[in-house]
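Below you will find the structure I want to go over with you.
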């Protein structure tokens, strides 16, 4: 418990934390801009085009911002301790070591859950109120029907935060861990999208961005990823993204010289 | 200036991270070879197919790795405090940044071109006479694409350097590059027409195809910028980033 | 000491300036001098350096003393152009540091010995610094020998002990064979042998006619090394005197320091 409060104090006493959190939540503003401009375009269009017009789920399109921000926060929470040498102090004070990793994960994970929920629900509700009855699709269905997907989207944000924490502890380098996160979110999906079937769809189903819709069973035909996993399997894969690096990092931190 | 350049060269070549980033970029070759073997075996079954060229499909990997090299060239100095020593030996901050830009620019362009050319050569050798779509043009026709791809990786490395000088944090600068390369194009997609296509034409991932007059995508048409304009935009990115970095370097206490 | 054998390029520079300006009024000759003129630096609400004026002259070691947070390191950063003064100025050889063409040949400095990239070898670290000012690799080898690191020149700096890093920082300061040297707490972490070595090095560098500004909290060491003392507190000048003057008025340099700074200690332990 004391380790937890110490990590909480550490994270909230650093200025860059607030910058990252703010950036993550600012997704709502971006959603507002996009929704407003879409509404303008809709109103200017002739009625027959209006009937056919669809709009993408903005919270799904913009979730990469909070994901990336909280992933980086997860990385920094660990690597900044290594960069400053503070980690030596921390591990001297807590010789069992694993509570340090656990406490960092808990703090970042909780913050990420909060930021994710704010960003996803904030964007959705903002877009809904701006768009009103315009467009068929995401914002025309009842809020309750959208709820499972919104929750699943929200959960990807803490997954990224824990992935960042785990990678940071594994690699001990901000540049290395950040690059791997970026690779996961952007580079690998592009490469996977380029390989021929059936592997493109098989591997595509495992990409983090493909998981929320597989968890809720809410498939769309325009997805660039695959949708081969049943909901429980998709949930397990999502959990593995967060847990695998963390578990191996905890194991390594206990054995490795600091 | 020559002395500062030579010092920056010593710094770059004596860092493990330089080799790590270039090594990651060179994964393009490995992936490209695997890719070509794979599509070749498919072609043997099906006769012919249209596959993406490895030097284009894996370009984001090359760009991102070398951008990280550019970022680290300056942020690692801030992280370790070496920046103080650097500024004591070269008090003219513009000169320091310019020398870094020169060395990072040359090193990344050479590395990128080499990796692209070897990937290109290896994949064409493996493909042999099979009809894979990407191996049907002549080398002379493909050369502009290879050169502008190398140039785009250099541009990204310099953008990383400039943003690194401005932000001083490795993670912050990498994320900013990611925003330019990946996030922005994603967001611009969702703007209503005609703004989505207009803005998309000046975004980094769309410049190389426009320089070589390739079709961008069905939606963007043949590219709205003429090749020389696309090349100009590609050069403007690093210039703006380096100017921002220089202003920050000059204004702020080290 | 091999250092004396080098011709001082700083001096050359002065001569060249003299020749170039031959037509105009005779310039002030400020050879190997650090001069602070009403130097002031404010960080947000903290006045780190407050209207500080003094000169550091060649031929002897000048000790720079003051309690923690007094502004010694900040003053050195201001002299080196790392931070910009809020007002006033700091001059070396009559010029602003940032206007020097070959600064390493005029000023050498050790600020923070830990500020090295752990992944680089000692040789490459020094070589990258030397190259900026057109200094050759032979000189790098020479200073490595001079500070006793020749045997580990190719080793990663990350594996160096505190004292080895301190020696590496001193080597960096000596690279350009400068006429002015500044050291911020160089004896931290050195073994007794190293402390004695630094003392000898400082004194012989000064005896060669160089200007040495040396900060340290070790009074006994300072009494053995320095000839003049500058004491600051809360960013302001408290005293400027020779060690002889101070030890004549007080039982020891430490007593003098304690008496003079008693009002300026900001971070003292409760007594």
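So that you can tell them apart, the chains are marked A, B and C in the order they are listed, and the count of residues begins at 1 in each.
In this text, a residue touches a chain if its C-beta (ideal position, glycine included) is under 8 Å from a C-beta of that chain, and two chains touch if they have at least 3 such contacts.
What you see is a predicted model; the values in this text were computed from it and never measured.
Novice: For chain B and chain C, which third chains touch each of them?
Specialist: Touching chain B as well as chain C, we find no chain at all.
Novice: Could you find the chain whose CA centre sits the greatest distance from that of chain C?
Specialist: It is A whose centre lies farthest from that of chain C.
Novice: Can you tell me which chain is nearest the middle of the complex, judged by mean CA position?
Specialist: Checking distances from each chain centre to the full centroid gives B.
Novice: State, to the nearest whole Å, the distance from the C-alpha centre of chain B to the C-alpha centre of chain C.
Specialist: 42
Novice: Based only on mean CA positions, could you tell me how far chain A sits from chain B in angstrom?
Specialist: Chain centroid spacing, chain A to chain B, equals 26 Å.
Novice: Between chain A and chain C, what distance separates the C-alpha centroids? Give it in angstrom.
Specialist: About 50 Å, centre to centre.
Novice: Mind pulling the chain B residues that touch 2 or more other chains?
Specialist: Chain B, residues with two or more chain partners: 17, 76.
Novice: Per the contact definition, I'd like the list of chain A residues that touch chain B in the complex.
Specialist: The touching residues are 16, 30, 34, 37-38, 40-41, 56, 58, 61-62, 64-65, 68-69, 72, 75-76, 79, 83, 174-176, 178-179, 182-183, 185-187, 190-191, 194-196.
Novice: Which residues of chain C touch chain B once you look at their complex with the stated criterion?
Specialist: 77, 80-84, 97-100, 103-104, 107, 109, 111-112, 114-121, 124-125, 127-134, 172
Novice: Where on chain B does chain C make contact in their complex?
Specialist: So the residues of chain B touching chain C come out as 3-4, 6-11, 14-17, 76-77, 80-82, 84-92, 253-254.
Novice: Under the touch definition given earlier, write down the residues of chain B that touch chain A in their complex.
Specialist: Within the complex, chain B touches chain A at residues 17, 20, 24, 31, 35, 38-39, 42, 49, 51-52, 57-58, 60-61, 64-65, 68, 71-72, 75-76, 79, 169-172, 174-175, 178, 181-183, 186-187, 189-193, 195.
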